[in-house]
Amino acid sequence: MGIDEWPELAMNSRDPVYLQVVRHFKELIATGWLEAGQHVPSRRELAARMKINPNTAQKAYKEMEEQQLIVTEGNSPSRITSDAATLRSIRSELLGEAVQAFVESVRRLDAPVEELVELVREKYGRGEAAAEPSEGGPLP
Amino acid sequence: MKTNLIALLKLADLEIRRFRGILLGLMALVALIQLGGLSMVTRTRLSQIESQIERSGMTLAEFKLQNSGLSLLELLGELDGVTGVAIACCIVVVAAYTLIIWYRDWFGRASFAYRLLMLPHPRFLLYLSKLAAILTFVFSLFAWQIVIVAGQMLLYHVQIPHQLRIERTFIDTIRSTDLVIFIPVRLTEFLLVYGLGLVIVLLLFTTALLERSYRLKGLLGGLALSAAAFVLLVWLWAGAEDRGSFLYPTELLALFIGVLLVSAAAALWLGWRLLRGKVSV
Amino acid sequence: MIEVSDIRKKYRRKQVLGGVSFQAQKGQITSLIGLNGAGKSTVLKAIMGLTPIDGGSIRIGGQAISPAAYNTIAFIPDRLTMPGSMRLRDGLQFMADFYPRWNPARAEDLMSFFRLERGEKIGRLSKGTAMKFNLVLGMAQDVDYVLMDEPFSGIDLFSRELIAEVFTSQLVEDRGVLITTHEIGDIEHLIDHAVLLDQGRVVRDFDCEQMREEHGKSVIDVMREVYRG
Amino acid sequence: MKKYGYSIGLAALSALVLIGYVAAASADRKPPYRLTTEEGDAAVMNGFVLDGLGSRLTADGGRERTGSRFLSAPFHDLMEPDHYYSERNELILAHRSFMRGHRMDDSYYRDDATVIGADLDDERSTIDVRLLDRASGGVRELEVPIELPAGTKQSDFHSYNRSIVDVQLENGRIHLLVRGDYSPLTEGQRLWVYEDHIVDSASGERVGTVEVFRNAPETELPRETTVELIEEVRQMDASGIVMLNVKRLKHDDGTNQEQPSPPLLQEWRLVGYDYASGETWELPKAGMDRLKQGLEPRLHGGILYAFKEHIEKPVIHFLDPRSGEAAAEPLPLEESDIPQRSVRLQDGRIYDNFLAGKKPTVVVYDEASRRVLYRGSVEQADPRAEPVDYKYFSLNFYGK
């Protein structure tokens, strides 16, 4: 996987940059773009691609190591963890977070749960159908 | 020490090349004026003599007996005003450049001063390289003037028929014109005149640096320092003229040289200190 | 690290620096932020010994500024530093002649990275190209610290992006970078440490990621508090 | 290397030209002229120099360039060796500290034992006298206050100027001959007063004052009296007497404008004064008639030398200053190509500097025997130099 094909990361300036990078990795892992055991780019390549400075890239990798998202043996390049449990927890963590954010923003509208579920099924269904046939569909 | 020397030579080369257009221009101007002027003056005098001979029917030899020929000094005498202007031009331009060689680095679109002040070499090399450049210009013009006088003698031999020629040695030719002030024929004279010139250059350098460090206050200080040195030198020189002074002329000369040395040392030391920590972009 | 302690400077009876203190760590990108006239450039020039200070002290890697120190610190000012009559190649030759720590190979990389024409006259460069060449002169020295004065001001968007890329490259890695700017916009997420100046005084001095983590504020938010509040 | 070509080329070429120039200049250090001895012993010329065409020549073959000096011009201890200051250079060489600050004093006296310097600056109207004991080097200073001449007072004059014109020492008494030149308030004629102030050299006390001469005030404006001192030619040497050259002139009253005629000599007297006795006298008619043949009087060794210097063939007459009679046979000098010449009387010898055979020539006669002690002329050493024909070299005494 060339560094250039690495998906763009839209960054905001309020959250710590290194945490945004870690999240981005989690999304790539969750969506399967990064497979277990796959080599991750070097600190320098990541910095160039993400347009962040090498220290931040370094900090992101350190954070990911602490969260055991990546493993480094000796001084060979780090690799995505192949520990299934960690991988699974990443997916649920991301989904949980997304849903949490959704719930908080919707709670203010005080809508009953069933209506919400119905609406999600409908949007999610249409979103999926739309995504299927034409790859370049408008982003949601 | 060696790297500093190499850096100094490279900086000096840079400074010399930055002025080479003007220097060559000056040389051309001076040559044109003095050689062109001489050939013109010679041609007019020769035509006068020819018409005089035709009217009187004498031969050239008889004319020479009567008028003892046409000396180069006589011809140069007619050129004195113009030569003076040419030399004054050189002096004024080089004197002005003694300040411009500093200010051009500060002003203009590019601030070369930033780069020069950040060189990993003692900053005093800037002072010495610019000084070396100015001295190179002065001595090139000095040498060029000698070449011109030689050229004038050659021209004289070419244009003047040998019957009218009056032989003079090269040094005698220089000694007999006002040029001798700038092209001294005596060592003591050379050391004093060019010693004074060097001190003036050093004082101008340090005044420029004082201005670059303390702006107007610095400029005034520099001018005051230079004026004081100058007044002291003139006072000593005049003292030697006044036969009644308490000090003997040779003692006043020693003081004169002393003041030159002290002023030079002060200017160099002050320049070194200012460059080290006081000058500002 | 670069240690600036309590430096003061008066310029024509105006207190340009009223006791500025901060540190720029080696290996970090520190940004000196302040509105126009806050004294940013003066701080950089003071650190480089290009302008004397009335009080306080400056240490670079524990040493005071000296000619030898110029082997360890490079300064990229906001203007040309080479005579206009020179061509780019003469400028590079000048650096090679006088800077033992000059890295010709890296200079070549940067020249092609910025697509600069060696034969061009320095005096006729546009502002953007001139800044790029300045960056070449600064970055191609193997030094521990690099100081940059408003590298982005008045420069077209594309040059700006090109210049920003330099900050993400190994050119910056484990070097101390101190960069001044008054519009943080495009390099907000590039800098590790921010020092905010106002009327010659340090009003804020914080680690950007820490500020985001603990207060959820971006550098611009802090600037808004300081300069608009 | 192309990069540094320009600078190196410029510096190298300049250096080359300069080295060539220095070589030429040093080759040119000696002037292309020489004073060659044609006859006699050059030793008599010791202390004498011939100055001309930018060179200074001595009889012992010394050749030195003068001229083309600007900044270094004034820095020479010895004074210009023209007639007036030449002996002083000896004092400067011999007694440097004694002469410090006093090189321009009015007058000096010197004998084997002492040197006396006297100076009168009018602000203080006292004479500063300094005595040097040549043996021990000790210096004594005296101050001799002087008044205005008898019968005159300050308000009579709008300005006056006094100076010591001669100093003599005879048996312990210092004679200070003061010349006073007083300009009266009214439009009348100047008043000349010569006074001899006598002081005891040991105590410094004033012994007396003798008014040597005071001119009778002229009544009509165009008339003028001029008084010049005829002092010992070798001013510092001892001389028992001094003489005054007193002339009364009638100026052209300015009627015919185009060509104002030179003043007419109405009356001419030589007044002598003997220091020891204080006696004054006038040169008798015999002497005056001799002088009136267009001769200029000079005093040397107590004898009055009368001759016209600036003519082709002068004759020196030796007169007794009291009787005016001839003291010795007149000495005709060799003919000069041009009227320009200078004659110096010194140590019993007569130095004659003139042009013979177009060349500057010096002939030294022994005054008593009239024998030619030395004869030398200036030769041109380099054909390219300016020829010496008809060029005048001045004979100056520089001091031994």
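Just so it is clear, A, B, C and D label the chains in written order, and each chain counts residues from 1 on its own.
Everything below uses one rule, namely that a residue touches a chain if its C-beta (ideal position, glycine included) is under 8 Å from a C-beta of that chain, and two chains touch if they have at least 3 such contacts.
Because the structure is predicted, anything quoted here is derived from the model rather than measured.
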Judged by C-alpha centres, the chain sitting nearest the middle of the protein is B
Cα centroid separation, chain A vs chain B, in Å, comes to 78
Between chain A and chain D, the Cα-mean centres are separated in Å by 116
Separation of the C-alpha centres, chain B versus chain C, in whole Å, is 45
Chain A to chain C, mean C-alpha position gap in Å, rounds to 34
Within chain D, the set of residues that touch 2 or more other chains is 3
Among line, ring, star, complete and other, the chain contact graph is line
Checked against the stated definition, the touching pairs are A-C, B-C, B-D
The residues of chain C that touch chain A in their complex are 27-29, 164-165, 167-170, 172-174, 188-192, 208-209, 212-213, 216-221
The answer for chain B against chain C in the complex is residues 3, 7, 10, 14, 18, 108-112, 114-115, 117-123, 213, 277-281
Touching chain C in the complex, chain A uses residues 11-19, 44, 47-48, 50-56, 59
Residue set of chain B touching chain D in the complex reads 12-13, 16-17, 20, 23, 136, 139-140, 142-144, 146-147, 167-172, 175, 180-181, 183-189, 192-193, 196, 237, 240-241, 243-246, 248-250, 252-253, 256
Chain C contacts chain B in the complex at 45, 48-52, 67-71, 75, 77, 79-85, 94, 97-101, 122-123
